[in-house]
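Shared between the two complexes below is chain A, which has chain B as its partner in the first and chain C in the second.
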Partner chain A sequence: MELICPAGTPAAFREAIEAGADAIYCGFRDETNARNFPGLNFSREELRQSIALARRKGVQTFVALNTFMRAGDEALWYSAADDAVTIGADALIIADFGLMAYVAERYPEQRLHVSVQASASNPDAIRFLVEAFGAKRVVLPRVLTVQDIARLTRQIDCEVEVFAFGGLCVMAEGRCSLSSYATGKSPNMNGVCSPASHVRYREEAGALVSELGAYTINRFGPGEASGYPTLCKGRFDVGGTEGYAFEDPVSLDVIDEIDALKAAGVCALKIEGRQRGKAYVAEVVSSLKKALRASPTERTALVSRLRAMSEGQRTTSGAYDKRWR
Partner chain B sequence: MKTRRTALSLGPIYYLWDGPKWRDFYFRIADEADIDHVTLGETVCSKRQHFSEPHIADVIERLEAAGKQVTLSTLAMVTLERESRHVRDLIRDAHHKVEANDLSALGLLKGRPHSIGPLVNVYNAATARTLAARGADVVCLPPELPATSIRQMLQAMPDFAFELFAFGRMPLAISARCAHARSKGLTKDNCQFICGEDPDGLPLRTLDRQSFLVLNGVQTMSNSCVVLLDDLAVLMEAGLTRVRLSPQDCDMVRVAALYRATLDGRIEGKEAVRELEKAYPGIRFSNGFLHQQEGAAWVARGRSATTAGG
Partner chain C sequence: MPYLSPLLAKSAEIAPLWFVERVARTIFTGVLKGHPDLFDRLGDYRQTRYCFSPSDLSLHFRIVPATRMLSVFRGEPPLADARIDGPLALLLGLLEGRCDADALFFSRDLSVTGDMEAMLALRNALDDSAIDLPRELGALAGPFSPLVSGAARHIRARALGGRGAAWN
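Here is the complex of A and B:
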């Protein structure tokens, strides 16, 4: 299985190459990609240099154009696609049907990967994307069990990539407006979720309260580890009971399932984290690369190191395990 | 200038209502509501389908006898073989128009007239044109879209029917996990249809007791109810031809009458909003997405925005 690694900066890109990435995904420095954070992403020139370096090392580069085009401003997305093709991206990762149609028509030879944001969760959906846009690979939404994936891959003529490590969306990706309901900024339209610009912390009677927009997302008592107020990982009150209504502050880790995913027909494992620093990228990529080669018993030791780096330091196999539902 | 009459459309019930309640709701819509199009059928969770299925034929017959155009809704999220089969069978056997709510239905409906529901991501005219070329002839736009995008799409495709999600709690997210069942100590696979206890959603509040969201099975919705009564006139001028009402557990016949009267210019938008507060009491209204603000905001026309938290 290929290892698909994140790069938010040219420095992280170089680290990922050295650490053994088979392919690296990145985006332009604007709202055409779903990690549109200050200080992140690539200029055209930075992408050109990075792709040239990757080529020499035999590593592929995927360019994420995975937000939805704002009506009237489609030119921003079209020119990003034009430039990514011209510069030599090995694949474009796309969520918007209009942009897929543009790329399929104008650049029929260009490899098109379907972003997780498109939410293609079943064989008929993937057949549609292959038939309509010539999609070569689909990144599956995190709503399927390993058994579901195995059943799916047998029925389609398209490569399948899945998320293996990093941040975890609790909701079906590309189909969540919770962030914009609270802040006006959404993953689909702005490439951000629970943006830092709308986060506030306040002290209240010894407790630390985190807010997103006008809403309290969590309250941490004295001595309790605090965390970033990602909306779906907040604590809320449902029917008088307080708790993590959607999901605890955990991150995704399916390293224990590597062999099962491979047997299920998955061709590539994706690491989330374009917003992470280069040291994180280097550590995660090299550990996962070793884990892919290791026997299941050796894998356990490799993985415990990685888990210490995870958000909240607790991990879950998420929807890949049926019991998560 | 003579303009087309803006049609009123009723979206599918997103909540789990028991069979008789579901049936009686539509019988009353058939008999009393001035609504042109009705889209129906379980959309949120495949486990619920048996509640409405015994009544669908009777409901369709009654609605059609009353002159309503009936469209069948497909599931928003299809992951199981059983769900795929259901969508395929529905599309193959349907004598009615079908509304696509996920990508599998989009693929299967190619070449025949169909509708696109608000849970499919249509954010621009390029996407709408791509879907129209495959047979879509009406698109209900996602609630997240701002008016600037809507106007741009209306302008780019003047002969195409766009529908606006103009009343109801907004569907904001869907998950493989059932937060509703979890909140009552159950799991999705053994849920005992517990979401049926909350016919208008289960309120989720912040730790500071702010109203925020409601849980509806695997779907998360806004606590506030979208109300675009005072925003419709300008969008109709821009070419909007269809307005969607999403059923809530309130007097939907009255809601439909207020929207019809507003569309026909028989009542002022602001007055209609005040009247609506009586039809759906105790619920906060919102229209922030349309005004490019947080979705929860309520923007009174000609005034500055307010964000409600409490």
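Here is the complex of A and C:
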């Protein structure tokens, strides 16, 4: 199976290549991609140089244009697609049907992947995207079990990529409005979930309090591992009981399911984390590369040390192995 | 937990403030000169007043990248737009991109307050800049360059322990 690795900067891109990535995904420095954070991402020239380096090393580059176009400002997304094609992206990762149509009509030879943000999670939706826009691969949302994935792959005629490690989004991706509700900005339209402009941290008697907009997201006790300030992983008082209403601060790790995913027809494993530093990229990519080559019994040990770098310093197999409450 | 050697910590505590400031300013100016790409990624946040507060020292370092200003304070932290607290070895590890800031935040080794957009911009700019402090220090040491770089590498390896070993 291919290992698809994140890069938020040219330095992280180089680390991913050295660590053994089969393909690297990245985005431009604007709201055309879902990791539109300050100081992150690539200029056109940086991407051109990175793609040239990747080619020399036999590594593919996928460009994420995975936010939804804003009415009246479509030119920003169209020009990003034009530039990514001209620069030589091996694939474009797209969520917006309008942008898919633009790329399919203008660049019929360009390989197109359906972003997880499109939330295409059933045979009808995926078949439509393959037939209408020539999509070659779909990145599945992190809400399906391994059995769901196996049933799905048998009914579609395109490659399937799934998230294997990193940040865990538990919502209907591309449709989630929690960040918008609290801040007016979302990963879907602005490329930012819980934008830093609305995040505040403060210390209270050794506890770390995180706030997003007008909401207190969490209060981590002294020494307690912390997480990102997202509403979906907030700790709230619900019906008189304090706890995590949606999901704990935890990261995804499905390394133990690799063989089952392969048998289910998955061709590529994706690592989340374009917002993470190059040290994280180097460590996670090299560990997962070793794990893919290792025996099932060796894999857990290889990847377990990554837990310390994960949100909440804990990992879960999430919906892939869901046991409903 | 990464640590600063007691000798270095003690030296920094008793050294006159003007001396610490002069050394830090020389390093800071050298880093900015050698990595102009930092400014590009910082964008508008180059005007931000960033404060670095090593938790194992009573010193605070405040910088403003745009004006190349660096000031050192003892005791209470100075006014700043964004502030990061943590062991000095980890702060230097972050400066070089040898440690992952999110991982250190999750483990509570680091704490951040103030303007989070500015802090993210700085983190990402530093992460892409391939700063190598021993090399930068060596460049400032003239004929003693190999000696200074070597000593700095030794201190860094001891201070960071296993952290950052995967990256080079």
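FYI, the second predicted complex is superposed on the first by the 308 of 325 C-alpha atoms of A that agree within 3 Å, B and C clash if a C-alpha of one lies under 4 Å from a C-alpha of the other, contacts with A are read in each partner's own complex, and residues count from 1 in each chain.
In this section, a contact is a pair of C-beta atoms (placed from the backbone, for glycine too) under 8 Å apart; a residue touches a chain by one contact, two chains touch by 3 or more.
A quick note: this is a predicted structure, and the numbers were derived from the prediction, not measured.
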First, second, both or neither for A:Glu224, with chain B first and chain C second: second
Contacts of A:Ala196 with chain B and chain C, given as first, second, both or neither: second
First, second, both or neither for A:Thr9, with chain B first and chain C second: second
First, second, both or neither for A:Asn188, with chain B first and chain C second: first
Which superposed partner A:Leu99 touches (first chain B, second chain C, both, neither): first
Chain B versus chain C as contact partner of A:Leu208, first or second or both or neither: second
Partner chain(s) touched by A:Gly265 [first = chain B, second = chain C, both, neither]: neither
Partner chain in contact with A:Pro38 - chain B first, chain C second, else both or neither: second
Chain A residues touched by each partner, larger count belonging to chain B or chain C: B
Chain A positions touched by chain B in one structure and by chain C in the second: none
Of chain A, residues touching chain C in the complex: 8-12, 15, 37-40, 195-197, 199-203, 208, 220, 223-227, 275-280, 282-283, 286, 308-313
Residues on chain B engaged by chain A in the complex (per definition of touch): 76-81, 83-84, 87-88, 102-108, 110, 119, 121-131, 134, 142-145, 148-150, 152-153, 156, 170, 172-179, 182-184, 187-189, 202-210, 212-213, 215, 220, 222, 288-289, 292-297, 307-309
Chain A residues touching chain B - in the complex, by the definition given at the top: 68-72, 74, 95-102, 118-125, 127-129, 131-132, 142-144, 148, 151, 170-172, 174-178, 180-184, 186, 188-189, 209, 213-219, 232, 235-239, 241-242, 245-247, 319, 322-325
Partner chain A, residues of chain C touching it in the complex: 41-43, 45, 97-103, 105-108, 111-113, 116-125, 127-130, 164, 166-167
